[in-house]
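Worksheet for the structure shown next.
First chain written, first letter: the chains are A, B, C and D, and each begins at residue 1.
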Amino acid sequence: MFKTTRRVEFRDTDAAGIMHFSVFFTAMESAECEFLRSLGLGVVMPDLAGQIAFPRVSARCDYQSPLRFEDEYQIEVTAARIGGTSVTYDFTFTFGQRAIAVGQMTSVCCRMSSDGTPTPIPIPESILQRLRDS
Amino acid sequence: MFKTTRRVEFRDTDAAGIMHFSVFFTAMESAECEFLRSLGLGVVMPDLAGQIAFPRVSARCDYQSPLRFEDEYQIEVTAARIGGTSVTYDFTFTFGQRAIAVGQMTSVCCRMSSDGTPTPIPIPESILQRLRDS
Amino acid sequence: MFKTTRRVEFRDTDAAGIMHFSVFFTAMESAECEFLRSLGLGVVMPDLAGQIAFPRVSARCDYQSPLRFEDEYQIEVTAARIGGTSVTYDFTFTFGQRAIAVGQMTSVCCRMSSDGTPTPIPIPESILQRLRDS
Amino acid sequence: MFKTTRRVEFRDTDAAGIMHFSVFFTAMESAECEFLRSLGLGVVMPDLAGQIAFPRVSARCDYQSPLRFEDEYQIEVTAARIGGTSVTYDFTFTFGQRAIAVGQMTSVCCRMSSDGTPTPIPIPESILQRLRDS
């Protein structure tokens, strides 16, 4: 489990005066990147045969309570399901004691060809190990 | 059922060379707004007692195939489930014959107080009727 | 001179209830792309020796009056100065008769190496001709 | 003078593999907010007669060198010109020793009516003092 903190920036808000619902998805992605960096991994990793990346196949968010400009909120990231070729992350957003949202994203391990076409491959053992130990 | 067309703008892309996964959510919202406008409705509507709005409680997207800069894609919107206080929209993204993504968003009908606090209320009959006829 | 129309989408707004000042820059870029498409050109163009692109060196906007959600506004694009290696576009934003903003962007013609490093080159004659005739 | 640090997030990038030119403007705004917070001020401030805000009238950026995904860059903010009703901020972007961009934004002190209409007013003395001492 990994925790990080973000602040609602002015561009994150909308005319309803709250953080726009789409911003939760970029916040999840940034929290995932921070989590992977903390494990010595990346969302795009070079290996001997080229590049390994984890394109998303699914993303969702359930909203419980809004965030406003300058609110400093917490995101908890967990690698909830680690399959042979995919990882599902769970995200919990809180603002102090208040529940804000829960989200989930599933990414598939792929070898990227030089023109950017992804081919799913088993997650390399070294990556699996770090995710399982997280 | 309602159909609209959008083009991938340069700001919609990311360093992987494809439309960023979060942009599907703003595209769904814009398609929903167009759909409601086509019915003479809005995402925020004044009524005798103040304002009625439809804040989202849930949003998800499953990705099948990427979009690239300048691709002109189609979005189909359906009011799939119309409950007493909520509406669930289904979205289908296609690029020519190619399946791109399917999404879903659920919004709850709320009266908005002057400070922006939402209170769920039954969807007014006049709105229900137009959604059901769509 | 080229004219196009855009509508303020909900994600374009901020907590002040108006189109966020940064969105004028993505709107200028999209108007530039449309303008170039109308001339049979692109912001990135393949040629015999690889790729030609026009990275920006400068962008500015002066704001006169705000835009709100769902406002349909006009953008006028002019290739105001066409130099040996650069192009400066002028943009005028209006909403009906109301002046909204004026903007300016300067791009430099570059050959892009395979790793994305830009080297300034003279604008090819075929491109110059179409810009001058616009 | 005020300094802050940001990291290029994945959503900040575009298909050219670099931080999109419009993101420099949201980064300037966020740096301005941090700067004002450090002085005990805000971009929107309540006072006895309602609300004081600083809508922008002008923004510009000159680009020297690109930023890539995960680059951690510095922004320096200076209140370069403090007039009777307006403030002009200068911004300098650097990545280590490398010059990235310079920017400028001018904001006008306004009283905001309850419907969001801005009326320019002289900057209150208490705010002037803190900006001059910064």
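The criterion applied here is as follows: contacts are C-beta pairs under 8 Å (C-beta built on N, C-alpha and C of every residue); 3 or more make two chains touch, one makes a residue touch a chain.
All values reported here derive from a predicted model rather than from experimental measurement.
Show which chains lie in contact with chain C and also with chain D.
Touching chain C and chain D alike, sorted by label: A, B.
Relative to chain D, which chain has the most distant C-alpha mean position?
B
From the options B-C, C-D or B-D, choose the one that repeats interface A-D, i.e. more than half of its residue-numbered contact pairs are shared.
More than half of its contact pairs match A-D, so it is B-C.
Chain B and chain D share one sequence, so how far apart are they rotationally when you fit their Cα atoms? Give it in degrees, rounded to a multiple of 5.
Rotating chain B by 180 degrees superposes it on chain D.
Decide which interface, A-B or A-C, involves more C-beta pairs in contact, and give its chain pair.
Result: the pair with more contacts is A-B.
Measuring centre to centre with CA averages, how many angstrom lie between chain A and chain C?
From the centre of chain A to the centre of chain C is 33 Å.
I'd like to verify one number: the distance from the centre of chain B to the centre of chain C, where each centre is the average of its C-alpha atoms, in whole angstrom.
28
For chain A and chain B, let me know how many angstrom lie between their CA-based centres, rounded off.
Chain centroid spacing, chain A to chain B, equals 23 Å.
Pull out every residue in chain D that's touching 2 or more other chains.
Expected reply: 10-11, 17-18, 22, 26, 29.
Provide the residue numbers of chain B that touch chain C in the complex, in ascending order.
Of all residues in chain B, those touching chain C are 9-11, 26, 29-30, 33, 37, 42-43, 70.
Can you tell me which positions in chain C touch chain D when the two form their complex?
So the residues of chain C in touch with chain D come to 16-18, 21-23, 25-26, 29, 44, 53, 55-63, 66, 116.
Tell me, which parts of chain B touch chain D in their complex?
10-11, 13-15, 17-18, 20, 22, 68-69
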